[in-house]
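Some structures to go through are shown next.
Both of the next two complexes hold subunit A, though its partner changes from subunit B to subunit C.
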Partner chain A sequence: MLSSKHFFLLPALLTLVAIILFPLLFTVRVSFSSWDVFQSGLDFIGGSNYVRVFEDQRFWQSLQRLSLLSIISVSLQYTLGFALALAVWKQVRGGRLMRVLFLIPMMTTPVVMSVIWRTVFHESLGPVNDILSAFGVGPVPWLSSATGAFISVLIVEVWQWTPFMFLLLLAGLVSLPKEPYLAAAIDGAGTWRTFWQVTFPLMAPITIGALIIRLIEASKIMDTVYVLTSGGPGTATETSSYYIYIRGLRDFQIGYSAALSLVYLVIMIISLTIIAKLLLRMLVGKDE
Partner chain B sequence: MIKIKKFIGPASALALAVAAASPAMAKDYSQFGIEKDLPGTCSYEAIDAKDYSGRSLNVITHAIPVIGEPTALHAEQFAELTGAEVNVVHVPFGDLFQRIMIPFQSEQNAYDVLFYASLWIGDFNRFLEPVPQKYLDSTGMADVTDSFTGVATWNGQMIQYPMDGDRHYLKYRTDIFDNADVQAKFLADTGSELVVPETWEDYNKVAAYFNDSDWDGDGELNYGSAEVAKRDDLMFSAFISRAAPYAKHPNVKGGFFFDLETMEPLINSPGFVRGLKLFVDAQKSFPPGGNNFGLGDEIFSFGGGQTLMSYSWDDAYVQANGADSRIRNMVAAAPLPGAGEVWNRDTGKWDTFATPNRAPYMTWGWSSAVSSMSEEQDMAFDFLCFFSNEANAQHDLQIGRFGVNPYRDEHLDVDFWKGLGWEDKTANSYVSTLSNMEKSQNRVFDLRVPGVSQFMSSMANGVAEAMSGQKSAQEALDGVAKEWAEITDRIGKDRLREAYANVVKLEDNEG
Partner chain C sequence: MAKIVLENLGHSYLADPKGEHDFALKPVNLTWQDGKTYALLGPSGCGKTTMLNIISGLVAPSHGRLLFDGKDVTNIPTSERNIAQVFQFPVIYSTKTVRQNLAFPLECRGVSPSRIRQRVAEVATLLDLDYALDMPARKLSADQKQLISLGRGLVREDVSAILLDEPLTVIDPQMKFMLRRKLREINRQTGVTMILVTHDQSEAMSFADEIVVMKDGLLQQSGTPEELFSRPQNDFVGYFIGSPPMNMINLDVRQGTLATDALSLTQPSPSESNALLYQLGIRPEHISLVDQTAENVGVGTIKKIEHLGVDGIVTLELAANVVIKAKTRKHTAMSVGTTMGINVCQDDALLYLDGRLAT
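Then we have the complex of A and B:
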C-alpha cells in the first residue's frame, strides 16, 4: 500500500526513468522505424531493420574484429597492470612518483592522444620509423597495412588503459590480509609460489571485476579507431561501435543504427555474462 | 558572441562627419584587415549603412580554420558594422551534417545561416530559402562562374549562396619536369619523353619512375605521388577524379553514377573498375604510409616538397607557393589526366580517343544558405552577401587555410595571383587550368541526391577494400553497386531520379 514515504522515492525513480529507461525505450521505438535522412517521422516498419542487421556481413565482421581486439588488449592490460601494481606494491624507490606517472595515460583525452599517436606512427614523418631506421629496420607500415594498423590500435589501447588496471589491482593488493603471507613465509614458500598460491587466488574477485569493467569499456572503442585509422586500411580496424557511428551519424540511418545498437547491446550483455561466469569458475572455482 | 556597434565612438563620429562633408572621399575600412573596400552591392560601406541593432543571427559553420575562420571573422565584422548580435557555432566536419539535419527534421529554428558541403543540397533543399531576386541581381552574384551558379541551383532556383569554388586538378613540380638533365635521363631510361601526364596510366608510370629517390637533392627520399587515400577522409573524391575520364563518355548522356532512365548504378561498370585498378596500382608510388593519407597529409606531403605530383583542391598548391615555401614557384597546375579509352555504356565497348578524354571534376566545395525557418532572413542574406563581397572574397582567397577557392570570373585573373608573388608559369597554369575546366563540356559533378552520404560512404568502403587488397577492384565495386541498389530502393527510385536529374542537367550542359 502506498504511503507518503513512498513519495520520497519519486525523485530517484523519475531520474532513473529519464536517464536510463526513456532513452532505451525511445531507441527501441526508433529501431522499428525507417527514420533516415529523407524520412524523419517515427513510422512503423516492423522488424525490417533487424532482418537487415542479420544480413549485414560488415557488422558481424566488425564484431569479430572487436572481440579479438578486446580480448587481446584487455589481457595485455591485465598482465602489464598486475606487473606494475606488484612492482609498486612492494616498497620500491620512487614508488609514489611512479604511481602518478603510471596514471597519466588514463587521464589524457583519448581523441587528443590518438592524434599524437597518429603522428608518432606516421610512416614517413613520425619518430618511430625514424628511430627504427637508425637500427636498419623499416619503414614499418604502422597504419597502412592491415596487421600494422591493428597492432597500432592495440598499442594505443594498452598504453591508455593499463593504468586503469594498475589502479584497481593496486587497490586490491593493498587491501589483502597479511596473515596468509606470514603463513606462506613460515612454510618456506618462495616469491613465485607465494604469488601463485596466495596473491593470485586472493586477487581473483578483483581480477574478475577489473576484467569485466575493462571488457565493457574496450568493446566501446571508437575514438581511437576514428582518429588513428578511420577503420582502415579497408575494414581492417573497423569495430562495431565505429560501424554503428558511420551508419547512424554519417549516413544518417537513424532507425537502422538504433537496431544495430540494440542487437549489439544484447550480444554484449549475453557474452559478458558468460565471460563473468567462466571467470568465476576458473578463478574462484564456483559460480557464485 | 559579438555585439554592439563598437565603432561608434567620438573618433568614428568625427570620421563620419568628415565623410559627410566630403562625399567623394571613400571611408577607410582597412582596420577590418582588407586592403580597401571594393564597390559592390554588399560592400563594407553598403553594410555599414544598415542598422540591425537588437537583432541576432545564429550561424553554424565548420570548425576553424577551413571556412570556420572566415565565418568567425566576417561575423565579427558584420556585427561591428550593423550592431547585430552574431552567434557562430563551429562544428567538426563529421558532425556537421547531423547538427544541421536534426533541427531541420524536428522543425526547430536552430540556425539562420548554414555553411556546409555543397553536395548535401539533395538532402537540405527542402529546408532552404531561395536566394531573393535582389541578391541574384547583386554585383557579386553576376560574376559567379556558370559551374558554381549551377552548384547553387536546385530545380531551376538558386537556394545556396555561392562563396567557394572547388575542383580537382593536377599539381606537379616544374623544377623536375622542366629540367633538361632529368628529361634526358628519363628518355634514356624509359624511351619516353618526360611530359606532364596526359592519362592516368602515364601518371602512374611517371610517379613510379620518380618514386623512392632523392630527386631534389636535399638528402631525403622523394616519392612519386601524394593522394587522399584514407577511407572516410574525402578519398571518394580522389577515386572519382581517377575514374571520371574512363567512365564519363563525352558522347553518352544521361548519367555518370546512375543511368538516369533506369536508375541502375553504373559504379561497377568497366570505366570505374579501370579507374580503381589504376588507383590501387598507384599505391606503390606513394610515400610510406601514403595509403593512409588524409587531405592534411596530402597537402603537407606535396606542399612540403616530398612528392612529385598530386591532385586535389587548391590548398596544396597555395601552400606550395606560399611566401615561406621552399618550393615556391617550382609548382604548376594542369588538368587532371585523362583516358585514351573510354567506356561506352550505350555500345558496351571501349572507345579509343586519339586525344585523351578529360572529365574535369567539380568536386563539392563549401556553400552557404539561409534556413526557410529563419525569422531573420533579410539580415541572414545580407550577412552572406557581405561574407562574399568583393573585398572579403579577394582577402579570403589569399589565405590557404580559409578554404575559399576561386568561384568568380574575376578570381581567374592572372595579375591577381601574380600580385601574391607567383611567377608567370605558376600563375598562368593555375588560371588557365581552372578557366578551362569552366569551359569543358564533359564535367563531372557530385552525386547531389538525398542520402548522398550513404552512397559516398558505401563507395569509400568499397574502394578502401580494393586498395587494401581485401577484394579485387571488380568485386569491391560489385559490392558497392549492390549496396547502391539497396539504398535506391529504400529512398525510392522516383525521388532519386528527380534529384539526380539536376546533376545530369549540369553534366550534360543543359543547365
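Then we have the complex of A and C:
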C-alpha cells in the first residue's frame, strides 16, 4: 500500500496543507466563533455570524458596487487594450518603445500610483481641476462626491490595468495565422468585415482568458480604494474586500470577517464560473 | 475564365538582387490555357508558392508582367483579380454556418440576396454539401472544410482561376483521393482553370493536364504527365518524377561512340559536344528482367527486392559496380543473389549531356 515512492509526495502535500488547506480550514473554524477584540479564542456560536452576514446591508451593497466597478472597468480595459493592440500590431517602427511605455502603469505599485492619483484629483490643489478651470469647467468634486469618487476609482483602475489587456491581446494578435487574412482579402472583405469575421473570432479564446483573469483581479480591488478614497465619501467606493478589511483588521471582529470572507469566496467562485461559461457560449459557440 | 500569361516573371525578396541566387523565382515565361488543370511541382523552397502568391496578388513581382486574357494585372490588388485560393490549412469563418460561409464572398461584393441564394444552392450541390448547409462550419471535418474554402471561390461568377496551395496536405489519405477526384470533376463541370501547388508527384500526375516542375526558383520542365515521364528534360525531372527515380548510368567516350561496361547499349557521340558528363537515363519501368540469353543487353545480380503490392522494386548490381533499379511484377519469382538477364529497348534509353537531355 504505502511504499517509499509515496514519501516523495510529502513536500508537495506539506506545502499544500501549509499554504492552502490549513488557512482555509482555520478560517472556516474561526467563522463559527465569536472571536473579536474583547474576547479572543475559538468558542463556538454556531451559524450566527452567517445569519449576520445575510442581514448586513452594507456588505451586499459593497458587493453590488464591486460588481458594477469590475464589469465597467474590465470592459473599458478590454476595449481600450484591444484598440491599442490593434494599433501597435501592424505598425513596426517604434512599436517596441510603445510597448514598454504602455506597460509602465502596470509595473508600478498600486499604492504609490494611488497616492499620485489622489494628488492629481485633489479638489483645490490637483492639476486636473486646475486644467479644467482654464476651460471654465469645475471645480469638479473628484474625491468628495459619491459619483466623482466612483469615477475616480474607475479611471485609476482602467489606467493601471489597460496595459495588461494590451499585452495579452497583442501577444494573441501576433500569434494569429496568416491564411485567414489572405482568404478574407481574396473573398473581398474590407477592414471592418475582416475584423469581425476573422480577427475577433480567432481572438475569442484569448479574450475569454484575459477577461476572466482581469475579473478575478478586479474583484479583489482594495489598495487603490484604501489610498484613494478610503471607501468614502461615506461608503460610496467601499468594495467587498475593503469592507472585510474594515471589519477584520480595523474593528478586529475576526470571527465575523472570516464568515464574510467565506461568503465572498463562494459568491466569487460561483459567479466567475457562470461568467466564464457565458463568455464561452457567446464567443465560441454553444457546443464546446 | 481567363488565359493566364507569365511574361518574364521573376521575384526576389531582396530589394536589390545581385545575381541568380537572390531570386526566389527566376524569370519565367509560361502560358496557362483557360479551363485546364495545372500542377506546380517541386521540392520545398523551390519557388512554387511564390509563383502562386504572385498570381493571386498576395506578392507583387519584382520583375516581369502577369497577364489575364491579355490584360496587365501585375499591380492590381488581390480582391479585384478574380482569383480564388485554397490554402494548406482549411480556412473557414468559424462563427458562420456553411451557408453563410459560401455566401460571404458574394455579400462582400454586394450581390443581391436572391442571386446569392441561387449561387449558394448551386455550389452546395456541386460540392455535395447540401445536407450540411445549416451546420456551423467549424463542426465539419477537415476535407469538408477544404471544400468550403473551394466553394467560396466557385460561388463567385467572375473567377478566372482557382489556386490550390497544397490543399490536400492535412487531409486523411482516403479522403485525399476522393477530394482530388472531386477537384477534377469540378474542373470538368465548371471549366474553371485550376492551379495546384504540390510536392507530391502522384498528386500532380493524377490531377493535372499539364505539370510545371520547378527547382531552386527555376522552371525545369513543363508538359503533360506522359511527357515528363517518358522524356524528362534533365536529370532532376528524371529523379523527381517517377518512383523509384530514373537510373542514370555514366558513359565513356570510346572511339567516337559512348559506351559502358554495364550494358551493351551504345550511343553515337554527339559531334559538337564538349560536355563533361555523358549519362544514359533509363526508367526502372522500362527495364525487363529475363532469363540469361545471348540477346541480353546486360546481366546483373539481384541485391535487394522490395515488395510494393503488385509491383516490386529489384536492385541489381551490373558489371563495373553499376547499381540500377528495375520495377517489375515478376519479383515474387526472383530471389536475392541470382543473376538475371536485362533487356532495354533502345528508344527507352535516353542520352543526357551534363544532366540535360540530348536532342
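FYI, the second predicted complex is superposed on the first by the 283 of 288 C-alpha atoms of A that agree within 3 Å, B and C clash if a C-alpha of one lies under 4 Å from a C-alpha of the other, contacts with A are read in each partner's own complex, and residues count from 1 in each chain.
We take it that a contact is a pair of C-beta atoms (placed from the backbone, for glycine too) under 8 Å apart; a residue touches a chain by one contact, two chains touch by 3 or more.
For clarity, every value in this text was computed on a predicted model and none was experimentally measured.
**Student:** Assess the superposed three-chain arrangement around subunit A: do subunit B and subunit C clash, or do they fit?
**Tutor:** The answer is fit.
**Student:** Once chain A of both complexes is superposed, is A:G190 in touch with subunit B (first), subunit C (second), both, or neither?
**Tutor:** A:G190: touches subunit C, not subunit B.
**Student:** A:A146 contacts which: subunit B (first), subunit C (second), both, neither?
**Tutor:** first
**Student:** If you stack the two complexes on chain A, which partner ends up touching A:V198: first (subunit B), second (subunit C), both, or neither?
**Tutor:** second
**Student:** Quick check for you: in the superposed arrangement, does A:A236 touch first (subunit B), second (subunit C), both or neither?
**Tutor:** first
**Student:** Touching A:P177 in the superposition: subunit B (first), subunit C (second), both, neither?
**Tutor:** second
**Student:** Hey, is it subunit B or subunit C that touches more of subunit A?
**Tutor:** Counting residues of subunit A touched by each partner, the higher count goes to B.
**Student:** Of all C-alpha distances between subunit B and subunit C after superposition, which is the least, in Å?
**Tutor:** 48
**Student:** Can you tell me which positions in subunit A touch subunit C when the two form their complex?
**Tutor:** 177, 179-180, 182-183, 185-190, 193, 197-198, 201-202, 285, 287
**Student:** Where on subunit B does subunit A make contact in their complex?
**Tutor:** Per the touch definition, subunit B meets subunit A at residues 94-95, 97-98, 101, 105-106, 123, 223, 230-233, 287-292, 297, 300-301, 306, 450-451, 453-454, 457, 461, 464-465, 467-470, 490-491, 495.
**Student:** Would you mind writing out the residues of subunit A in touch with subunit B in their complex?
**Tutor:** Checking each residue of subunit A against subunit B gives 34, 36-38, 40, 58, 122-125, 129, 139, 141-144, 146, 149, 226, 229-236, 246, 249-253.
**Student:** Can you name the residues of subunit C that touch subunit A in the complex?
**Tutor:** Residues in contact with subunit A: 56, 58, 78-79, 83-85, 87-89, 91, 93-96, 104-105, 108-109, 136, 138-139, 149, 152-153.
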